[in-house]
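Structures incoming, each one as structure tokens.
Paired with chain B in one complex and with chain C in the other, chain A is shared by the two complexes that follow.
This part shows the complex of A and B:
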């Protein structure tokens, strides 16, 4: 088991290195750097000026060396600025000299670089944004997992029954509704003062003006409450739960045909006890992996929902960084995203082995 | 001219019926729920003294019966709207729904003909015919075919062009008449105007064409790539398997949205990355076909040479025309080498990029599915028999294993087209789509969402269209899976 985890961990590190290198390569292509030089320096720079600007700001060396600097395994660049006589460098603040500043400053040292657009340390930006997304993800999971498992178990415990058909159709329907569709429909139905049910409720006097829910989650960043946070959470949950529910249903239906369930029935155990005590535990092994593997999908969902509802979390930052050519911020975002994906994959693999008594890895 | 009402004169008869059916359904559903929770069971068979069976109907049964008839009445009324709309033909009397039904006439005819022919010959049509035994599969197939026919007959269905702007019609509500219609021009915006004054209904219809132009073809390419890599990886195993699986996992570990931003961003396009990707990805279909026919006709060199030559000739020509565009000076030199005279067609740059990124995102998943299936099938007896006969590995892979993997692959193909549609919508939603004015559904949703709470009508039709197409594909896949498992 220890060897298995170790090996998985090694593969994970290798994957992370490859992925970050790919992102680094794609964000540091010549056109990106040229655009960066022109936005930071002067929009009408000539090609030679661009090259010298890039050289002066540490973008001149070979790609692999710059990747090493970013990672923190190669010493950061330093150079003496001839006209002003001041030292400049990757790890140097204003007024620092190479002797006083650390030699390495990269990902491994916890230094994520400097965001060129918001003019702030990337780590300062990312932290707060991640916390906001964490709140969103937490509530989305708090809705998804119980409801998907409930739907799946109810549908799978009597395969082919009417409940099964209704719930299965429902879960197929949710998998066919991506966030940008369900979000739009939810907003029109529940958060518009012109259409949907809010005007009706106002007319009946159940609601004093305004709308049932708020169509923008901007205020939820200061304090999330039922009124401004329901729609984003519901939008993510709606698309995410269908797949888990279908997996749970399939796994539950399979377990319910197993021999030991039949034995329990013949023994005279009540249906309720069969489901709760005998079937449920085994039926939940497969959904566990699926739930963990849903994280990468939720990440995409989070990006869409945060854009749609104007919630300035991690996904919103990613979109902003990508469209503003904010290289260091985008790199940090992708590190976080890749990290989340790989860690959930690892947990799902280990958890599957741990939960399933039929698999033993020596 | 008066704005159109939703159901016009038809509604006078049909609206009360449809409202009645909905109310009855809701009431019966609630009753059923309450009774079931209260412990009432559906009626059971009773064996009478004279050995006959009789069904004792309880309140639950009556509630269920009411629900069933309510659904039936509801569906019949919907058909009624369509037929009445086609018969009445005058939009002022037929209302918006009727006028839309009338515009969609070619689609209805196509659907009726297709279903009539398919159902009457369903016993002779294999898996496709069996689809018509499953109501779920049939519903899904109907939805998918609805959009396919819409895309085919797009020119005669859409009353206006996708980018025809009438500035007075900005954000106008559904059914608004045009301010000064030209002779022979359709005189209304059936689903209103968007924020630039374009016809929402026409854009939705053209959007179907845009989406169905890309999604199935991109999925097909992804399958070619996935199969060409997945079958040998699983069959040979070893280092090849480890290597390709690692690369596939790399792509899979990328969050899709980040990958899109990285691939479609203008700077990366300027560096030609998507073009290099297309150069690699589009090679796979030719490779696949050449290996496929080479393995089959290896023992008949004459025939083999002809077929392989045709594959390489036609495929190569298409390949070179596809990836190169001599007249585009922004492209890297490599893609401008192929002479313009031999360049059969040029794909607009953005379309190629979107296409390539969708194929790139989809292929690793297909690879994993194919690999899983082949790992299972290669232990079968007929594979061992072929190995004993001395067949070559490629023959076994492509002519013994692959045909036997077709069931799950067809099902996954349907699901994946739906997923590709969602991906395309995501691209459009972030404004990374084919072009800013493109009527594809993702872009139209993106445009409509800005004024969503005030004017919901531009964003809702494409959203519902996308949902119904994907739902149709999912249901179709479900029906196919169910029927293929019955064998």
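This part shows the complex of A and C:
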């Protein structure tokens, strides 16, 4: 087991290395660097000025060396700025000289670098944003898991029945509706004082003005409540739920045809007991893996949902970083994404062992 | 506002001439206010001169206290001289105040200046500093601070310092710094500005958003780093792209009145649909600006509408440094193909007045009426063919939402109607602004300026920082210099007519319309009316109890 986990971590580090290098390569393509120079410096810089700006700010060296600097295996660049007579460098704060500052400052030293768009340290930014996304993910899962399992089990216990057909149609419908569609539909239906059901409710006197739910989750960052957080959570949950429900249904339907269920039936065990005591545990093995695999999908989902509902979490930060070519913020986001994906996979593999004794790792 | 009570002061002779012109119907009230107050006549006195009650009474005195949230883009703060967005000024205005404020009725009133005067030919300005103003670090605000800021504004070596262009003749073109003897500290409360040539744009220039007054020792620094200012507020929290919170600085005794305890600027991105969703969700109480179809939507949900007519527009310009736009015939063909009234209707929902492809607006004092430009699609296409660019593919770049997009769509459609090939490219806000000056053919929103000559100085003079058209014309520059020195608007109009003509003849840019600007706020928000230059002075704002 320990060897397995170790190997998994090895894979994780290798994947993170490859991914960050790809991101680093793409963000450091010449046109992207030029864009960065013009945002940070002056929009009217000539090509020669762009080159000199890039050189002065440490973007001039060979790509692989700069990637090494970011990793912290190559010493950070330093140079004496001729016009001001001050030392500048990757690891240097204002007024520092190469003697007083550390030689290396990269990922290995715990330094994630500087975000150009926010004008702040990446480490100051990313923590709070991740926490916000964590809250959103938690509530999304709190909705997805029970409802998807319930729908899946109900649909799968009597394959082909009317309940099965209705629930299956529903879950196929939700999986087929991406977040950017369902989110907009939710806002129009539930969060507008002009259209959808809110004006009706106001007319009937059930609602005291305003809207049923809020179409912006900004206030949820200070304190999430039912009113401001329902729509973003539902938008994510709606999409994630159908898929898990379908998997659960398939797994449940398969278990229900197994020999031991037939035996239990013949012994005269009640249907309720068959489902709860005999079928359920075996039927949940496959959905468990699927639930864990949903994490990476949810990460892409939060990018859309957070932008749509103006919730300044990880997904929103990723969009900002990408659209502004904020290299170091984008790299930090990639590292986090790799970490989240691989850790959930690891949990899924380990959990699988406990759910299914027939499977042995290593 | 001691300027309000200054009605007994003897008035400026030129201002009296203006008053006569106003009474003779040669000048609108707005023009009169701009020009009279620019000469140092107080707003109240100016109103009295033309026999009106001061309109300043429009501003009510709110009760103390309250928290207000304003929807506005939050950008990284920087050295105020290099501000390129009015939003930056709005954020720092609670901390860094201005010498003079431009009011929404077109008049100027003193903030850190008690009063100011110009001599008869506008070559010498005397600025009287408001006594009793303190910095929040305990220092007195004196004439030294004012002088240091003027010197800082004149420094052309600072990248992106747009104040240098506003200072005009005060900058010595040999050294790129303030002229010797240009800025004189007469006594601790008086500064004298000596200009080599008459310049009527100095007062509007120092009322504009990059002219925030910094402490004399902190010129060129980012206010976020030091937090020292004369304003009643401090920046408690500033997160780019998210929000900015101003709190009343209780440790500082502010010279004037400030009503709110806290102001939060909330950034909901660049999509107006998101602003509207935010408004419905109660995320803020006041918009920075309401655009397009959302003007009606905000009114429909019961928000109070405030509008102002301005010289703001969307400049859809070719850049002459890029082929084939260096060919004047190509540019003429483009302008000839487009009916601007259609662009106003489609791009602006008709919320404005039709432009004339030159950047001087009818509400500017020196605007000269020119004969209408001819729209002839067939002739336009023939002209393009004659120039040898019949098969040129025009790529028109704009923002992915808002006015620029719809305006460009309308222009592109009309050019296509004339048989030209046009490709539209839309870029997100974060990408678009990186290179706005250099796109071969793109659209930029320009804000209102007080005088017609100002925007020509900023954007169309050869080689200035914000010249996005690449326009360079010796006759234009010479006439502009001349116009800058003519104080009398009627006399200036003669030169202006020729400047406007040159812009049309050289087909410098599309100026499709003049915008009306809108803002919405919840009932109970006080003194939040739309400002022609998008200014929000947080010291005036309040909430009805």
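General observations
The definition used in the following text is that the second predicted complex is superposed on the first by the 355 of 362 C-alpha atoms of A that agree within 3 Å, B and C clash if a C-alpha of one lies under 4 Å from a C-alpha of the other, contacts with A are read in each partner's own complex, and residues count from 1 in each chain.
Going forward, a residue touches a chain if its C-beta (ideal position, glycine included) is under 8 Å from a C-beta of that chain, and two chains touch if they have at least 3 such contacts.
Treat the numbers as computed from the prediction; the structure is a model and nothing was measured.
Of the two partner chains placed by the overlay, only chain B lies in contact with A:32; chain C stays clear of it. In the superposition on chain A, contact is made by A:341 with chain B only, not with chain C.
In the superposition on chain A, no contact is made by A:352 with either chain B or chain C. Of the two partner chains placed by the overlay, chain B and chain C both lie in contact with A:215. Once the two complexes are laid over each other on the shared chain, residue contacts for A:180 go to chain B alone; chain C is not touched.
Look at A:170: by the touch rule set out above, it reaches neither chain B nor chain C. Once the two complexes are overlaid on the shared chain, A:320 sits against chain C while remaining clear of chain B. In the superposition on chain A, contact of A:21 is made with neither chain B nor chain C.
In the superposed model, A:194 lies in contact with both chain B and chain C. Comparing chain B with chain C, more residues of chain A are touched by B.
Comparing the two interfaces of chain A, the one with chain B and the one with chain C have residues 35, 187, 191-194, 211, 215, 307, 323 in common. Considering their complex, residues 136, 246, 249-250, 252-258, 261-262, 265-268, 270-271, 273, 418, 422, 425-426, 429-430, 442, 445-446, 448-449, 452-454, 456, 459-460, 463-464, 466-467, 470-471, 473-475, 478 of chain B touch chain A. For chain C in complex with chain A, the touching residues are 76, 159-160, 239-242, 266, 268-269, 274, 277-278, 280-283, 297, 300-301, 428, 430-431, 433-438, 465.
Chain A meets chain C in the complex at residues 35, 38-39, 41-44, 117-120, 187, 191-194, 210-211, 214-216, 218-219, 228, 307, 309-310, 312, 320, 323-324.
Taken in their complex, chain A has these residues touching chain B: 11, 15, 18-19, 22-23, 26-27, 29-32, 35, 169, 172-173, 175-178, 180-181, 184-185, 187-188, 191-195, 211, 215, 296, 299-300, 303-304, 307-308, 315, 318-319, 322-323, 325, 333-334, 337-338, 341-342, 345.
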